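The structures come next, written out as structure tokens.
Shared between the two complexes below is subunit A, which has subunit B as its partner in the first and subunit C in the second.
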Partner chain A sequence: MADATTQQSSRSRDLDKLLLRPGHLVGPAFEPGTELRDDLQKYVRILVVGAGGLGCELLKDLALSGFKNLEVIDMDRIEVSNLNRQFLFRLEDVGKPKAEVAAKRVMERVSGVNIVPHFCRIEDKELEFYSEFSIIVLGLDSIEARSYINAVACGFLEYDSNDNPQEQTMKPMVDGGTEGFKGHARVILPGMTPCFECTIWLFPPQVKFPLCTLAETPRTAAHCIEYAHLIKWDEVHSGKSFDPDNPEHMQWVYLEAAKRAELFGIPGVTYSLTQGVVKNIIPAIASTNAIISAACALETLKIASGCSKTLSNYLTYNGVEGLHTKVTEFVKDKDCLVCGPGILIELDTSVTLKMFIDLVEDHPKLLVSGASVTHRGKNLYMQAPPVLEEMTRSNLSLPLFELMDKFPKGVVHVTGTAGKGDNRQSCLRKLRVAFKGVDGITDTDMAGGA
Partner chain B sequence: MRDFYVLQSDRYTGIMIKLFKVKEKQRELAENSNGKPPVKKQSAGELRLHKDISELNLPKTCSISFPNGKDDLMNFEVTIRPDDGYYLGGTFTFTFQISSIYPHEAPKVKCKTKVYHPNIDLDGNVCLNILREDWKPVLNINTIIYGLYHLFTEPNHEDPLNREAAAVLRDNPKMFESNVRRAMAGGYVGQTFFTRCI
Partner chain C sequence: MAEPKTKYDRQLRIWGEQGQTALEKASICLLNCGPTGSETLKNLVLGGIGSITVVDGSKVENGDLGNNFMVSESSLGQPKAKCVCAFLQELNDAVKAKFIEEHPVTLIETNPSFFSQFTLVVATQLVEDSMVKLDRICRDANVMLIFARSYGLSGFVRISVKEHAVIESKPDHFLDDLRLNNPWPELKEFTENIDLDTSDPVAHKHTPYILILVKMAKEWAKGHSGRLPSTREEKREFKELIKSKMIALDEDNYKEAIEASFKVFASRGISSNLTRILDDTCSEVESSSSDFWVMVAALKEFIANEGGGEAPLEGSIPDMTSSTELYVNLQKLYQAKAEADILVVEQRVRDILKKIGRDPYSISKAVIKSFCKNARKLTVCRYKLIEEEFNSPILPEMQKYLTDEEYSVAVGFYILLRAVDRFSANYNTFPGQFDGAMDEDISRLKTTAVSLLSDLGCNGSTLTEDLINEMCRYGAAELHAVAAYIGGLITRQFVPMRGTFIFNGIDHKSQLLSL
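Moving on, here comes the complex of A and B:
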């Protein structure tokens, strides 16, 4: 018994320095003490998205930071090439789902932590699944996946009638990313700090070679590989699509690329380069993952506990030559279609789509004429092209309330031209529509949760 | 009720744990009572595409169709009927596949109609700079359609994807013209059979 207590206190010794003592960098609502430490363990639920290089580090770091309720989601299985840095995996694990093995290994090593694995695609989960977590931590390697989770998390955010974000609907995210010796860690508090979509321009466009260069004048090993991948594959396998995760497909592309390289006298085509070019892989460095993950885990602890100000809001790390690290405070795009408040419009349930479109044209904050309207992936009305106009025209006479499946409120997006005279330009706007006199729309309903 | 909050992120520091606590307690109480229907997530790419499509301004020679209906804009087809040049009278259909991170990534465009063309290969790959190396997020679907149309009025032998066709265009435009005619009418050019597209 005494042993266990000593062990417990020695394990949380460093954490206690942050959680049990006051400080001058703490948040205004920070209340140090053992209750805070216990609450963090009991009430905070964290989702780690990705169980790869960053994900393994994150699970370990979060578990050792005292969080007890963790879940992890990843669709991949373990490959031999993961083993050098994804340290939770062993040779005998190859072929098993990453999420399951990672969860099991961390639970074996860190007593008291519970990790629930989800071996599936992030899109397979209902939105409800994501809403259950206090904080979502991202260890991903693709823009698409980040953009998806960001849209889901920002989708929970609600604004009050003064366009202020309601903090009890805010789903904080901590995003890590690495490429070789470079990495980033960022804190996204939807509605407060820029979301992923506000700053998507940060990502450089992918280099794409002209197809005719690949077909006619290859000069590099990468040209030969892309030729085999993009042109030769279709020529030989008519109709069968290339699967980058199928080793046989990859081997085929490698052999074709090698043949082509020989034909043109180009050196350097290897199997690993083929994988690198086709899957756009940059060699991962274990230490970069460890550093970025540590930053992310600390930010997660800071958000949850208030033991210090959070990073504001984007840390870059570069270890290519010496070491450079910097925090940049990016600003929110106030018109962001994903995290912004949009413009609040209150309507009667009897307002038809046609009336709504007219209203949008006259609304002083919008002045959008010729609006096309979309709601949750359903195109309610399209001004153009004629084929879509025809398919959506019959909606014009229907009440918007019905077209929005009788929800008391919801987000619609409109496209059209804004401005007057020479200043006219096309625009895309987010609108928060609330129907008057329908139960459950008032702000007090939301405030009731807090 | 909470409007007094100054909207700076450090003002929130320390609040989250209290919110999580409340939420978790509510969750325990509200077990089994979720009545919300699943909601489809609309990606930022879809929204931008919605804008592109609703602003399409196509020439008479081009038309667009949506095989999966009005709610799937991410996959569509564009048909071009050139009114000038070698390909006058032909009908050529292209498939467009749009990614969820459009316009960060260019649409994937393929030519469905088998065509004898220096810049389009027999598998439908298209050599158009704005589809690959010169794509920029400020470009849009309209730009691409005009670019494709341009390929038919001014095929060029300098960016060949179909090397034989490019060589014929360069060395013997008369023969190129008759090859195009023969292919469009449905027939063989060399060893390759083309289905009629007039």
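Moving on, here comes the complex of A and C:
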């Protein structure tokens, strides 16, 4: 009983039951014991991407799930409308960076936990930064940001010569998302389970109204608002871009929309709706965030410790009518550009870095413009910031083969923007480069390629 | 103080001002404020619930610091209810928060009338015996009750209330109320004035699909002795008929009409779900009937008379390709009919109230309006007493769950969550709560579960050794992540769930059991 009493007074009283005792429904590598518990605290580092509704919950849940080394990245500042669910923030915090306040508040409550905040865009961090973490947990509301982090994490995955993913290079991700009473939680083990891009069809693009409807046959309040926002604004304020966070701009759009609605006899234009349409506001409530974050934190604990089997691989929650949860096992897209072995590009040893960048820009499957190139964490060429651009500019005229230390083949990462027109977004692509006529390249090596 | 409208903006966009008002009027009592209870209240407090009362008799120990965010190092040794309450108050100063340092079990035994003051009682981490007692108390006082339990990687949520009527259920996918195959006179007339075969291509491609489908439905019915397309073949022919009216390939309105043609195939009149509510004995109202049932009685009269077999029109139409003029006029037409229907129902409500000796104006126009707009979606939930479920669950359902692979872990947890309570009643500890007696506890829990199954009449059913083993491993641990999940579930009650929700934290194949 002496042992039991000590446990009673231990802070990890409840978690210990799962971490110290053997079980039958556990992960394959589960080795229960105090060493496991201590390792989780000492060596496991978790990155939480996003410090909004999900991020706040995630930080709390992870801090109370046995992890002690957490970091959080978010570029936003706190707004009043966050306070109905982002429970780490108070009225006096409005205007401060979310990541910093969230980290501070959780550390105040849960002693022994260290949380490092990063107040910046996810693209601002070097790839090196992301490689340091054991697991990346996503609490985001944007498809673009998810797609970016997914590409970063999948970029670390290496394949052996038989195109089998190498487990030690796998960077697991746990992704949560919510919209009103609905949400999802998923586990992504790159190379083993489908990545975000494999199942991108789960996130159909937002329906935008055709411009001719806005201009000629508006029918709804939203049409009037989008007319004011997308057409009228530019007509009147030539050159000045619309800022959704500027209340005067918002007020202007609202008044213009109201005028147009009156002209066409269309009801329903309100200030609240104007904000909703223009900022594409996704309704949010505390309970869905709590459920989805909890599921994500639990999966993170299970992946890190093996203390139970994990979700395989996609959980949907729908609380609109009663309550529905469903688990779907999606399958990997074997031709996925992001988590697959990567596109194979064959080059002559004489091809310079500049030529390579041009080639990437024109490649029909890539179309990456403004490309920056890294190899094994080394910057070969960086478009920005100017200091780095200047430092790496001289590489442009050198053969890529030399820059890659004359290895016959290797993996390079290319970051830039992809897409056309309004659809441009940051992207990261992994490319397998092989040099022709160099020893070590055989026909069989090339067979599994592009 | 933040402008409440801004602070609650993201949720107002879901449940509107009416929902928010209901939330702000509610008073909630929480029993036991471990992480499961605390996390529940956290979400409600953030949303702006009216008042909370936290009941817990324990003091904060070290172990609580590892699973409960509402207590911190400085709380050690202090009453848990007090610390949790203080943190919750900090989250939202508009909420009235108080605490009572008392063990819920004592309160249930000694002061049953205490519970009648609340809108909702949330009872967490109670064992079977206390649940049964509290359930009777709340049922008699007509107070809504939610039970919740987190136990290792398992848990459950169960609602208990005699009757819960929901007007604004906001279901996700619900057929628009367009009356395409049963137009009222004004819509008929409006449609007749439109020429589908107009030679003006601009007018042709801006005729909204409502008008196209009303016309097509009429044309079809004429050629098929008044019937609507019903077989797969007929439906295909109907779509072909629409297609044949197109004069150019880019006519989005016709494409929308083909896509929306299923709205023509839907049967006329009211759903079986609504019929069941109208036929409920409660719709024969008397002076003590609730407002909801008075309105149902009025609705029943409306459908039998003015409605001609249909419920009041909802009055809104989805966006569709159209000229602005036609769309706005159609919108007005639907709205006018809806308003007219509301007036009729309102008059009937007033008459009924008078007849049963109540103030004819005791139900506001706004409530009647919302009732009419949602008439097709009304929901009534009734719940068995928990004792009844425990003693005599629906056996065929239970047998089905026990043999269905999708349900096997969830139903296993259901049995084992009850078995651990029997275990603790017998041995004064939960299985696996202390190290050292694991093997003995496993075999004891197995015996307990087997006898429970046989008491329920499920002879021959077995639970896997793995799951029994797992349950002992949990040793009654209350994990933060599981508690936060369960707490989130309790908070969300638009249409309360029916049945018992079993959380399965192993592979997340959680299930709702109807027993």
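List of remarks:
As a convention for this text, the second predicted complex is superposed on the first by the 329 of 450 C-alpha atoms of A that agree within 3 Å, B and C clash if a C-alpha of one lies under 4 Å from a C-alpha of the other, contacts with A are read in each partner's own complex, and residues count from 1 in each chain.
Assume a residue touches a chain if its C-beta (ideal position, glycine included) is under 8 Å from a C-beta of that chain, and two chains touch if they have at least 3 such contacts.
Being a predicted model, the structure only gives us computed values, none of them experimental.
Contact with neither subunit B nor subunit C is seen for A:Tyr271 once the two complexes are overlaid on the shared chain.
Once the two complexes are laid over each other on the shared chain, residue contacts for A:Glu321 go to subunit C alone; subunit B is not touched. Once the two complexes are laid over each other on the shared chain, residue contacts for A:Arg85 go to subunit C alone; subunit B is not touched. Once the two complexes are overlaid on the shared chain, A:Val387 sits against subunit B while remaining clear of subunit C. Of the two partner chains placed by the overlay, subunit B and subunit C both lie in contact with A:Lys309.
When the two complexes are overlaid on their common chain A, residue A:Phe330 makes contact with neither subunit B nor subunit C. In the superposition on chain A, the residues of subunit A contacted by subunit B and by subunit C overlap at 308-310, 312.
Listing the residues of subunit A that touch subunit C in their complex gives 1, 3-4, 7-18, 21-25, 57, 60-61, 64-65, 80-81, 83-85, 87, 90-91, 108-111, 180-181, 185, 213, 217-220, 264-267, 272, 275-276, 281-291, 293-295, 297-298, 301, 308-312, 315, 318-325, 327. Residues of subunit B that touch subunit A in their complex: 1-3, 5, 7-27, 34, 36-48, 50-51, 53-58, 63-66, 69-71, 73, 99-101, 104-106, 119, 121-127, 129, 132-133, 135-137, 159-161, 163. Residues 26-31, 36, 39-40, 42-45, 126-128, 132, 134-135, 143-144, 147-148, 151-152, 155, 160, 162, 164-168, 172, 187, 189, 192-193, 197, 200-201, 203, 205-212, 215-216, 230-231, 234-235, 238, 302-306, 308-310, 312-313, 337-338, 372, 374, 376-379, 382-385, 387-388, 391-392, 405, 413, 415-416, 426, 428, 443-444, 447, 449-450 of subunit A are the ones touching subunit B in the complex. Listing the residues of subunit C that touch subunit A in their complex gives 1-3, 6-14, 35, 39, 42-43, 46-48, 61-63, 65-69, 72-73, 90-91, 152-153, 169-172, 206, 319-324, 327-328, 331, 432, 434-436, 438, 465-467, 469-470, 473-475, 477-485, 487-489, 491-492, 494-498, 501, 505-510, 512.
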